[in-house]
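In the two assemblies presented below, chain A is common to both, partnered first by chain B and then by chain C.
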Partner chain A sequence: MTINIILGVSLVLAAAWTVMTARLLRSVIGLALTSMILTIIMFKLNSPLAAVFELSVCAGLISAIFISCISLTQRLTDEQAAAKQKERFSKFWLLPVILVLAGVALYQVHIPLDFHLQAAPSESDVRNIIWNLRHLDMIGQIVILLAGAFGVVALFKD
Partner chain B sequence: MTELPQVFWLFSIGAILLLITGFYCLIMTYNLVRALIGLEILTKSVTLFIILVGYVTERVALAQALAITLIIIEVVVIAVAVGIVLCVYKNIKSIDGRLLRNIKG
Partner chain C sequence: MLSPLLLLPLLAIIILNLPIRSLTQKLSVWVGIGLSLWQIVAVVLLAMGHESADAWGKYFTLGLSCDNLTLVLLMSIGIVTLATILVGWQTIGGEKQRFGFMNLVFVAMIGMNGTVMLADLFSLYIFIEVTAVASFILIAFQRNTNALEGAFKYIILSATATVMMLLSISIILLVVGDTSFAAAGSAVKQSQGNPLVIVAIGLFICGLLIKGGVVPFHGWLPAAYSAAPAAASVLLAGIATKTSGIYALIRLTTSVFANNESVNSILLLAGTISILVGAFAAIGQSDFKKMLAYSSISQVGYIILALGCGTNLAIIGAVFHLFNHSIFKSLLFVNSAAVETQSGTTDMNKLGGLGTKMPVTNATSLIAFLSTAGVPPLAGFWSKLIIIIALWQNNLHTYATIAVLASVLTLAYLLLMQRKVFFGKVAEGLGNVKEAGWGITTAASILAAITVGVGVTFPWMFNSVLMPISSFLK
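This part shows the complex of A and B:
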């Protein structure tokens, strides 16, 4: 249980740091860190395939996309970064307060949860689910990927 | 409380706090890249909820399939949105959303 508490707290801390830090590059690193912690949680919740996707796509590919975007825009000078940090502090000082209050309040609440439901027997192999039961999802994913690729091409054509 | 509801409630709190963080970021920031980062945090919260519900209802395989679909959609949305941000930067030399309020037509 202790490891679960550590993972949950570090997930929220990483997300809060991502949002509050002034430099965009540090924000992206924080986002990748959040993804990595989420990956560990997914492994702990018996979802290794989704965890691998989360690690490779969210922590890897999306970070690379963000970093290439940031490298194509103008870099802040040190003075601008310091000014931004002050501005961010004035905007975001409330976030840690809200997070701590909401976290403590939610932890105190004891909702009577009953998970002894008689679930219908379900398929346990994720490959069968993806390829046989949810094959429309696969078609949807292919269409979305193609739409995304065409969208990016349309945006950057001269 | 037994182990399963405890795990569910603990990670649910984490997911709710992630949701709050993402919404706060989206509301308070004008930087377009940072808004996308807020959107990413929101999506992570939803992914965690899906996996968590799959875990407690013992339908991990179905939850994984849905989470993978969500991750694919997420990456496509981010790729196209980053492309739009770069186009905006090319035109107005800034990624501040406030400068886009005067766009007409």
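This part shows the complex of A and C:
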């Protein structure tokens, strides 16, 4: 129970830091950290496959893409960063408060969990799930990737 | 015949992007025209019961489903995509840019076709996102400040909708263990009163209302429609947002969240507010495209209002108005494209007297605006009439009265638009304006002919086309 609370609180703190920090690089590190904590939670919830995807794609690949993109931008000076940080805190200081209050409220509210929870199909072959059961979703994913590529060509080339 | 509607545009993208660009860049527009015409023919064949001719089904079992609602949407997608390609051909300069635009239209086509042929919540979400990603890029296509701002607004609100829908799907998966419409529908019916299920339904509906640009989630829509290139506006306003927001809402409220009184009350309220806010905001606009965008919000309100009424007749009216709106709104955006390309502006205060210079655009705009306002015997009149009768029969007299009065507002702002742009003296500097090119006028003529044709043949259509639509209602 204690480790679950620590993980939950860490997840919220990392996510809040990601959106509140002024520097893009720190924000990406915060995002990667959030994904890593989420990976541990998924693993503890007996979803190793989802955990692997979260770690490799969200914490790994996406962070790498963000960092390579940030390397093309100009770095803020310390003064600019400090001013930006102050501005962000003045705008978003309520965010962590709302998060904590929402957590307390959800904890107090009785959520009926009297339905049969469906366990992740860990015994099923992942190849069967992806290529036979959800192959239409795979086509959708491929098309989204194509759209992303066309977007880069249309908006950033030349 | 269903799987090619997804696979052929995908195949077209792959072949057109092979390293023989000098050839494929020239062919892309023709491929697009061919695909959209083929889609229209395929829908007619499917409607006539030619499913057995599905040779592709033996090789590709994609688990797609098709009923009368699907057919109506597939037909709208085919027609509006054809109009978009014709307008794009004329308005997007440079072969390379046009090629990029066509690739995105094909992606949007896959997304929209997929959305209407699915019977699974998670797959629906994925294909709505395919359409959304193509839409972001199409809005930002011109890369100027307005375009980027419009796209950014849409991305932010669309991402909010995405989070809501994903959370809803997660809850449904947790409760039901399956995301198919059938399983989710029966589980939702059995779990009436379960707060988690109510939260899931509320989140999904809010997500779809954002995607559909319904008040109070409409903030992104005027900026996106007005900033997008003319051809992209036709696609977005005509069918893209209707498919990802409004169609999905019709499908889910009838198949998954059926007969839920709280949902119906929310939809009645959201529909009425949309009708009024859209109409009043449209009156105050001086930009042609922004006025059409607010008009779109108002017209979508009628569909949501009918959906909230919930009777079979109301749902038929909603589907019919969805089809009509996709046609006449596309036509109005085609006309705005004609005016923009020929005069160089969409500011109605700088326009005037174009009716004599652009007779085809003037005539088709007149047809579209009369249909939008619900003037008989055009298509828009019949769909609004069905919705109002359904509301009245269901003792929703106040909503029916508001719907009738809002039609007068629609007539007022569209008449104002027609007078400012097409009637009166020719505005300064517009003396040399000529009719738009054949691509735009052909698109406008096709859409106007459909608007008139559907309206004039309504007595036949009601029994032979509209009543069978209700077969998808269980």
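Basically, the second predicted complex is superposed on the first by the 147 of 158 C-alpha atoms of A that agree within 3 Å, B and C clash if a C-alpha of one lies under 4 Å from a C-alpha of the other, contacts with A are read in each partner's own complex, and residues count from 1 in each chain.
We adopt the following convention: contacts are C-beta pairs under 8 Å (C-beta built on N, C-alpha and C of every residue); 3 or more make two chains touch, one makes a residue touch a chain.
These numbers come from a predicted model, not from an experiment.
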Contacts for A:H135 in the overlay, against chain B (first) and chain C (second): which applies, first, second, both or neither? second
Which partner chains sit in contact with A:V143 here, chain B, chain C, both or neither? Use first/second/both/neither. second
Regarding the shared-chain residue A:G151, is it in contact with chain B (first), chain C (second), both, or neither? both
See if chain A has more residues touched by chain B or by chain C, and give me that chain. B
Residues on chain A lying within both footprints (that of chain B and that of chain C): 111, 115, 117, 134, 137, 140-141, 144, 147-148, 151, 155
In their complex, what parts of chain A are in touch with chain B? 1, 4-5, 7-9, 11-12, 15-16, 18-19, 24, 27-28, 31, 34-35, 38, 41-42, 45-47, 49-50, 53-54, 57-58, 61-62, 65-66, 69-70, 72-74, 91-92, 94-95, 98-99, 102-103, 106-107, 110-111, 113-115, 117, 119, 122-126, 128-130, 133-134, 137, 140-141, 144-145, 147-148, 151-152, 155-156
Residue set of chain A touching chain C in the complex reads 111-112, 115-118, 134-137, 139-144, 146-148, 150-151, 153-155
Flag every residue of chain C that touches chain A in the complex, lowest number first. 6, 10, 13, 62-64, 97, 100-101, 103-104, 107, 110-111, 114, 118, 120, 122-123, 126-127, 129-130, 133-134, 136-137, 140-141, 143, 173-177, 191, 194-196
Complex interface listing, chain B residues touching chain A: 1, 3-14, 16-18, 20-22, 24-25, 28-29, 31, 33-34, 36-38, 40-41, 44, 47-48, 51-52, 54-69, 71-80, 82-87, 89, 93, 95
